[in-house]
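Below you'll find a set of structures to go through.
One chain, chain A, links the two complexes that follow: it is found with chain B in the first and with chain C in the second.
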Partner chain A sequence: MDTTNDILSLVFNATLFHSTIRAATPILYATLACVLTQQADILNIGVEGIMIFSAFAAVATSYFAGSWVLALVAAIIVGVVVAAFMAFAHLGAKADIFVVGMGVNMLAIALTRFLLQRIFGVSGSFHHNDIVAMPRLSFDFGGSELLNDLFNDYSLFEPVGIVLVFVLAFILYKTVWGLRLRSTGLNPQAAETAGINVTMRKFEVMLYSGVLGGIAGAHLSLGYSRMFVENMTNGRGFMGVAAMFFGGANPVWGWVGCLIFGFADSVGSRLQSLGLPSQFILMIPYLATVLVLTLAMMRKKRAETARKSAL
Partner chain B sequence: MSSILIEMSGINKEFPGVKAVQDGMFTLEEGEIHSLVGENGAGKSTLMKILYGMYSPESGTITVRGESFPSLTPKRAIGMGIGMVHQEFMLVREMTVLENIILGFEPRRGAMIDRRAALDKIDYYARTYGLSVHPDKKVGEISVGEAQRVEIIKTMYRGAEILVLDEPTAVLTPQESEQLFEILRSMKKDGKSIVFISHKLREVLEISDRVTVMRGGRHIATLDGSSATAPELARLMVGREVFLGGTPVPSEPGEVALSVEGVYVPGEKELSKLRGVSFSVRRGEILGIAGVNGNGQSELAEAIAGLRPVQRGRVVLGGVEVQNMPPRKIREHGLSHIPEDRNLRGLDRQSDVKENLAACSFSEPPLSRGGVVNWGRVREFADDLIRSYDIRPAGVDVPAAGLSGGNAQKVVVAREVSGRAPVLLASQPTRGVDIGSIETIRAELNRAKKEGAAVVLISSDLEEILSLSDRIAVMFEGRITGEVSSSEADELSLGLLMTGGRR
Partner chain C sequence: MTRTSWGATLLTILLSLAIGAAAIMLLGYDPVEAYYQLFRGAFVGKFNIGGVFERFVPLMLTALAFAVSAKVSVFNVGVEGELYLGAMAAAWAGYALTGLHPVVHVPVCFALAMVVAGAWGAIPGALKAYWRVNEVCVTILMNYVAIFFTSYLVGNPFSARTSIPRTPSIEESAKLLRFLKPSRVNIGLFVAIGVLLLVWWVLYHTTWGFRLRHTGQNPDFSEYVGIPPKKVMVWGMILSGAIGGLAGAIEVMGIHGHFLDNFSPGIAFDGMLASLIAKNDIRMVPVLALFLAVLKTGALGMERFTGVPKTLIDTIIAVFILLAAMEALFSWKRRGAASAGEGA
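And then the complex of A and B:
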């Protein structure tokens, strides 16, 4: 009985909150990137690739320039360029966004692997003391261990992400810009007859999605960690897509989806330190993805059936 | 004589394969209600969409308040005070009434929406013209009548002085229509000018100052509303005396082959959900199902064919309950089905004519044996059908996508009728089909009846219903409002049932 309690308190303690936020944040930026495009009816499956490109750009810039700010700027520029390419292919050349996104994802893995070898002469991963990480926030809570556990030692973009959730929600649901954006996704013909240029709006939102994807990549390589690893997103972009679906393209609910992923991930890694086979632990985020998507789709389907019912 | 606001002349517009408008002309005077009437496909909507800038014509001029243009854009049209309420509402279901009204023309406070200002303006229109709406309800939750009022407020909100309404009463109940006419009259009194597109003559005569008749994309006549009569308008619309389609051939009904008993079926729209529909059809007769489009006819056909679930009630085919069976099982129990959309369900446009013709007989001898298709037999089979149904071009290898509307429909009809199934369900069988093919297809339905099939004919073309059916059931808002025998049916009594009135 005592040992069970010990194990439970090892897994579920105040630091779990911290590690949940930590694990959720890279996914959160990907989610917000998808939320924006989804509001314009574009499923941005390429956010995974954008993150990989940006993570690489951030590490390389940080290493050579010695500045995380420049690294962030570089990551955002790369994100926007890749997103602009996707937007041209989808809106200009009328390519299927899913195909374009998958292409970007595969290109990102291959090209960053190639550049890793070409520029840094390593394969697998690159870490170096010259890589400058993003700053971490520290507060003085005196001796309170609980407050320290809960609120100290966050990387800069972890709290920023949470603020962004609500900023985005405000923009989407309270501003003129948000109203117009949502109308393009929900009924493009209605938007068009209201004099809104739907294609331009979609293009614009793809670029913003590139900005958020860029931040996601930079945070992953310089905030969440301090290195570049081949395919280091490891499906976080796809989880972002899943969380967006879970939240029905609403940023706040999307964030909730991210927290579920972050929570599953943190609990999993704690269980691993207790000796659970790592293969099972590694499955947890993906199982959580399937579960979250299943729940979201079931809810949607039930609502749809009820709406159509004649009884 | 009041001043002329709009003058359209020499308008030509062609879509692939159709001359939608030929030498079209139209004038609108200030402060009048001007109706534009004609059969489906007469070019009424197209002409008005050209005015609103949604289509640009190949030739012609549009003059608005003395200024001439070769074509317009919606933005331009809105800028000149032209507003249009489309047949399919341009509303975002997931957004509120208020958001829909202001979309694109939002009153702002900084980057935010000025709700107060928007509400005041909406309230003004509501009071001035009797356009009552609930600003904070989602559009998906309001009635069709209210959605239409939202559309009208939307155009006024954008500063419209000229309002074009495309078949506004097609989706309304009689009470709602009456309410709409009140609104239109009060708008007219306020100096607005209105174009009213319709093919319901009673309504047109009730509210029009002038009436323009179109047929086959051409301007036929413009009459004075007070002196025009319904028979005269009907003759101008159709181009001949009405109901030359003939009367039904005599029938000798046999036993009941299909009965639908208290069926409830889900639908995308509130009005198209089936709520307790019952009827039966005997062998050797044609039951016509009439009604305004969107009142559940499509859902009924799909439910019988197994393409849509039945939530309550029974569909009995040849003595067997078939509701909710897979479509193929229902076919095996004796149903053949001419679907309403030949491109979506009737044909596989990627396949060729022989594959489409053989689609229902592929899986059995003689066309295949043990899962292996005998292509020689398929060609013979298809060749026979092509010849007896006069499908052109007469080639078994012609891709289905390359057929004209009429010939594509003949492929569907040939496949479904040639199987000699005991029950034939024909949904809008002659929609968008040329005159020659219409005659062939109607003759086939009569032949199927004579050979003892029970035929259900769903059509929104009243003339078709009246000239083929032995009995006629009328659908309105997902229910059958009445059933009459063809000998006692006329356009008036059916029209009444189609708008929900009892006989």
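And then the complex of A and C:
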């Protein structure tokens, strides 16, 4: 009984809050990137690739220029360029967005691996003292351990991400721009009739998604860690897609999805360090998402049937 | 559904090889020499030819699995998970069942792998058929569940208690006969080709296959003429999953000899892309799988003899896929709103 309590207190303590946020943030930016495009009916499966490219650009710029601001700018530019290419391939050359996304993911892994060898002469991972990380926020809580555990030492883009969730929700649901964007996704013909250029709107939104993907990559390599590792996203882009689905393309619910992922990840890695099998905990977010999706669709179907029988 | 354009595919291949040549030249190497070594690395010597077929088998089977699900208009991104579960099932049957004759043991392993993976494939199929739950999302998520689950099994109940997480080695009677030694190519190659021919025959020359394709093209009309589209869709996914599971079983029984944690570096995703470029045309699937296998195998030789990094070949493959997708400007109808946007 004592050992169970010990384990529980090692796993569930005040620092879990912080590590949940920490694990959720890279996924959150990917989620927001997917939410934006999904509102325009584009399944942005390539966010994983955008993140890898941007993470590499951020580390390289930070190493050579010695500035995390320049690194962030470089990451965003790279993210936008990749997203623009995807948008062109999908909207201009009528390529299937899914194939383009998977192709970009593949290209990102291969090309960054190649560049890692060419530019830095290493394979696998690159870390160096000259890489400047993003700043961390530290406050003085006068020695209160609990407050320190909960609120101190966040990387800059962790709180920024949370603010962005609500900014994006406001833009999507409370502004004309957001209404028009959602209408292009819900009913492109109606949007077209209302004078909205659907193709341009989709293109525009892909570029913004590139910005968010770029931040996601830069945060991953300079905020979450301070290095570049081959395929360092490790499925976080896909988790972003999953969290977007969990939230039904709503940024706030998508954030909740990210927190569940982050929580499971933190608990999982704590269990693993204690030598306990973590796999079932790690499965929970995925199973929960499947369940949420299924229940949502079942409810929708029942509502439709009820409506039909009422006629 | 859609017709394949051989000419366009060939053109795309040549174009991406040309882009690759330009990149090789920019790096200061001789592209002719590099491609010559790539060719040698894939076709000269038993080890190299065997290496091509070693990679060809899982690529082709996973591509076929994807193509089959596409026939019932399900976009099965979950082949990777089916591959893992099939591999684990085959590994378990391979080491836990002892004293069987190879003629019994091998089919038993295959069957178990196919049943497990087929059942796994039925889940997203049923969710899509009965409640229209977006299968792209569900299968992506279920991949993680499958990989975590096999990771748990290989780390705990089925562990060989070695330093790397793997299952005990399978019995000799479950191992697939190898030829073209010292490569690891095995009779799984003929199993794979047999399955390809069988699936093609079933799809295009049997009533069941006709129903499958018919449902994929027009589920409403299928229902009207008395084919139950929902059941057919689930069966299509079971078949797709079973083929993916078989790919995993062959990897375990022919190549590794045990289940290794995280053994697949996204094999099924490469297979999926091969199938997508083949526009899910079953006749084109082996051609593209072979092309990718040749490039991946030859790249090793090229790197060794010319110094051109093999990551460049991976880059060229990705470029090829992107180009091929865009070439679809002329010949490929979009999947339509079938999978995008439903879950939102």
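In this section, the second predicted complex is superposed on the first by the 276 of 311 C-alpha atoms of A that agree within 3 Å, B and C clash if a C-alpha of one lies under 4 Å from a C-alpha of the other, contacts with A are read in each partner's own complex, and residues count from 1 in each chain.
Heads up, the rule we're going with is that a contact is a pair of C-beta atoms (placed from the backbone, for glycine too) under 8 Å apart; a residue touches a chain by one contact, two chains touch by 3 or more.
Keep in mind the model is a prediction, meaning the values are calculated, not measured.
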Touching partner for A:Arg226 - first (chain B), second (chain C), both, neither: neither
Touched partner set for A:Asn187, first chain B, second chain C, both or neither: first
Which of chain B and chain C A:His127 touches, first, second, both or neither: neither
First, second, both or neither for A:Lys308, with chain B first and chain C second: first
Chain B versus chain C as contact partner of A:Lys94, first or second or both or neither: second
Per-residue touch tally on chain A - higher for chain B or for chain C: C
Residue ranges of chain A touching chain C (in the complex, touch as defined): 38-39, 41-43, 89, 93-100, 102-104, 106-107, 109-111, 113-114, 117-118, 185, 235, 238, 241-242, 245, 248-249, 277, 279-280, 282-283, 286-287, 289-290, 293-294, 296-298, 301
Residues on chain B engaged by chain A in the complex (per definition of touch): 54, 74-75, 78, 86, 90-95, 99-100, 102-106, 108, 111-113, 264-268, 273-275, 311-312, 478
Residues on chain C engaged by chain A in the complex (per definition of touch): 27, 75, 127, 131-134, 136-138, 140-142, 144-145, 148-149, 151-152, 155-156, 269, 272-273, 276-277, 309, 311-312, 314-315, 317-319, 321-322, 325-326, 328-329, 332, 334-335, 337, 339-341, 343-344
Chain A - residues contacting chain B, complex: 174-177, 179-180, 182-183, 186-187, 189-196, 305, 308-311
